[in-house]
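Two complexes follow with subunit A in common, the first pairing it with subunit B and the second with subunit C.
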Partner chain A sequence: MQVYAKPKSIKENSSFTFCSGCDHGLALKLVASVIDELDIQQDTIAVASSGCSVFLYNFLEVDCIESPHGRACAVATGVKRAHKARNNDKIVFTYQGDGDFASIGLGESIHSALRGENITAICINNTNYGMTGGQLGPTTAMGQITTTSPTGRNREYHGFPIKTAEHIALCEGTAFSARVALYDIKNIYNAKNMIKKAFEYQKKGLGFSFVEILSSCPTNWKLSPSDSHKKIKEELTKVYPLKVFKDVLNG
Partner chain B sequence: MSEKELLKGNIAIAASALNSGCECYFGYPITPQTEIGEYLSYEMQKRNLAYVCAESEIAAINMALGAASTGAKVMTSSSSCAVSLMQEAISYACCDELPIVIVNVMRAGPGQGYIYPSQGDYNQSTKGGGNGDYQVIVLSPSSVQECVDLTSRAFYLAQKYRNPVILLADGMLGQMAEPAIIDCNKYEEIDNSSWRLDGAKNRPAREIHSLEPSQLKLNQHILNLKKKYDLIENSEVDYEEYMTDDADIIITAFGTMGRCAKEVVNHYRMQGVKMGLFRPITLYPFPLIRLRELSYRVKTFIDIEMNLGQMLKDVQLAILSNASVAFVGKPVGDWLKKEEMIEAIDNIIKEQYAGIR
Partner chain C sequence: MSYIVIDSSKCKSCYLCMEVCPNKLIKKSGNVGKTGEYTVEFVDKENKCTGCAMCAMMCPDIAITGVYKE
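Presenting the complex of A and B:
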């Protein structure tokens, strides 16, 4: 009999403090399940970033260092390389928002991928700066209303959003790059498999592995949790297709 | 090694870092310190140690932050305008209590300035260029031998106090060669098994972070850091005194300028003027108490720096007696020559000792 239980890599007696309906909790739970399934909890070091993603260490039972805003991939590089210098191969992953990974930290992110840094980066893309109350970010879709794009994102004022997983896939050092979503069971299941693959590729030493998770932000989108998922399914996946953009083991 | 070799300052720093057990180096090129990264790129690769040509100084210091969290001995090096880029992560490293050795081979500024040697980063180093209440230990070498010795001490103090340490050299020192010995590292190893991040095996998970939503906890953490800084101020002050025993006039100067000022002291001693030199070796902690003691029997202090008077403020703070404090300095970019110093000091003496001399 299979029992549905809380992953062991989630801290005991901890409960998520994210807004109701936010996909951060689900994403973190998937990461924790993958860590359990690969049996790497004792060998994993997580790198938290700035924004809603920072609270990682309150929930995951793995060693964790918080990074300055945007620098998570650089911090992870340091953690990974320092252990390697002592012949310890640790699993190192970053957990970042889209503002952290693709705006302020884009340089660190792209260059980690170009170096083929053997780390995994998980990027929560909720198309806005969530923690500060929903401002225009690097992934805000054209026409999307935020507190700093009150009439919607437009070309004249704001320019265009970045398609992160596609860009990371272009880097030669990238082993795996995919975009997933969490709006229904099928996609949640797929997301977990993609996250698992990213960690497995790191274990195999194949290079930089990346999963962008299209996530809901009901509070700042001013939508109910179910309408938020509907928005991802019907609108955002058209801008940000759910796809594996690079997989060195499968073409 | 342990034989005298002709060494360039930058190479001495790099070789001493290796000799002190440096396991990780992250850097980005900038004159006048690039030889440090060049030397280490070869030597560290040979030893399978961690070396990354970072994409920016911001990335370099953040790689250092991550590496330091594993308990490894970590160094980065840069120069003035690029050390400015590192200030955010230095503030984090202080709050996170992570040991990182940061070498700043100062060039002229502000802004991009140029590659001439200078001492314009005294304030940034000792007063904090980043946000919040924090202190970085700052060591100031004045010879290639001291580059060697203080690099070793920097690694030791960083580990001992779990705090970043800046080795504040300048372009003159980085680029000049003189004989020096790289001897066995005399410092003990510090056990970091209680805090390093090496995987939560048979222990609860550890977290290293500066974010602290609890006002009470944040306040307490900053007060704990203050206790550590107090301990550093009570235990790690270091300075050199040269002919201060009977001195009426004391020159205060640090780093390369401290070494140049020695020649000035010799010049005046030959003329029968009772002059001495006080050279802080630790710029933080600043040797305030010793300078204060001296001030009760010294008539005049002359602070000499290759800037517009940055350490001068600390010298003035130290002196509670009626001793006067004069300043001789130049904007960064044109090193003070012995003759210029003597001319300036002659004028100071004329003004203050009219009728005595």
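Presenting the complex of A and C:
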């Protein structure tokens, strides 16, 4: 009996173009299996962003639209509202990196949450600008060494990192906001449940649902995939606690 | 007898599956994969695989394409 198979929403014969050990593949796999489980493949529209997540349409067997850098939530708003106006409601989600969601696109992201747009946003937080070579981003942890902070992020020069899931949870239009990680099997199953919840909340029309996924970036962190997971477990989860920050149905 | 199927053309040699397997049944093979390092292979001479599918859940590249349990 087959107990595990490739999710149907991942394209046949496609192979991820991410670096070895990158959690992007894991995150995409979870999104695809949630789409399968909820049986919404025909009703889902994905909004891809710029960054490592840019090739989303090559991997997912759902309709995809590419957005300008940082504007995924704004594009998703238009897609969702246009379909709703024609009484043809779709499940719309964005798949963005932290540079896209929390840096260049922070305005679009926060205001989508404030408007309570009935979309789902998934943000892969790998604490640097992964695709452009590992520069310091808004989510880089204090003391973390990147190519543009060779002595580590410090308070005087760079300031403090943004905690996206907490900020989104403060917006009144947000229905669900959580942060998850993918460093072990327990957390992978938890992440899948949270992504599923975010999609279900959109189906129920409760408002903006958001999942931030703490992800590894072995190439730019200059660590092995296994050491990268260890770093997330031991260091990053202390800076970015794994928690549900807002859940309108469960207080 | 449970077993897994590995598509070594997709394996990027991250070795996360080797670490997560509770019975350590996944080992480095002698074949070089697309990242220039050895891909992994499934070696289970004593039928120890329980079909837990943890390796497949962990694989970021869906190189473990199927897990079969009996």
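Here is the rule we go by: the second predicted complex is superposed on the first by the 249 of 251 C-alpha atoms of A that agree within 3 Å, B and C clash if a C-alpha of one lies under 4 Å from a C-alpha of the other, contacts with A are read in each partner's own complex, and residues count from 1 in each chain.
Basically, contacts are C-beta pairs under 8 Å (C-beta built on N, C-alpha and C of every residue); 3 or more make two chains touch, one makes a residue touch a chain.
This is a predicted model, so every value here is computed, not measured.
Look at A:Val62: by the touch rule set out above, it reaches subunit B but stays clear of subunit C. Contact with neither subunit B nor subunit C is seen for A:Ser103 once the two complexes are overlaid on the shared chain. Using the contact criterion defined above for the overlaid structures, shared-chain residue A:Arg86 touches subunit B, although it does not reach subunit C.
When the shared chain is aligned, no partner comes close enough to touch A:Asn125: not subunit B, not subunit C. Applying the stated contact rule after C-alpha superposition, one finds that A:Lys6 touches subunit C and leaves subunit B untouched. When both complexes are overlaid on chain A, the residue A:Gly78 reaches subunit B alone and has no touch with subunit C. After overlaying the two complexes on the shared chain, residue contacts for A:Ser209 are found with neither subunit B nor subunit C. In the superposition on chain A, A:Ala48 makes contact with subunit B only, while subunit C stays out of contact range. Within the superposed three-chain arrangement, the count of touched residues of subunit A is higher for B, of the candidates subunit B and subunit C. Subunit B meets subunit A in the complex at residues 23-24, 26, 48-50, 52, 54-56, 58-60, 62-70, 72, 74, 88-89, 92, 96, 197-202, 204-211.
Taken together, the subunit A residues at the contact with subunit B in this complex read 11, 41-45, 47-48, 50, 54, 57, 60-68, 71, 74-86, 88, 90, 107-108, 111, 115. Subunit A meets subunit C in the complex at residues 1-6, 10, 15-16, 18-26, 29, 184-185, 188-189, 218, 224-226, 229.
Interface of subunit C with subunit A (complex): residues 9-10, 12-16, 19-20, 35, 51, 53-54, 56-62, 64-70.
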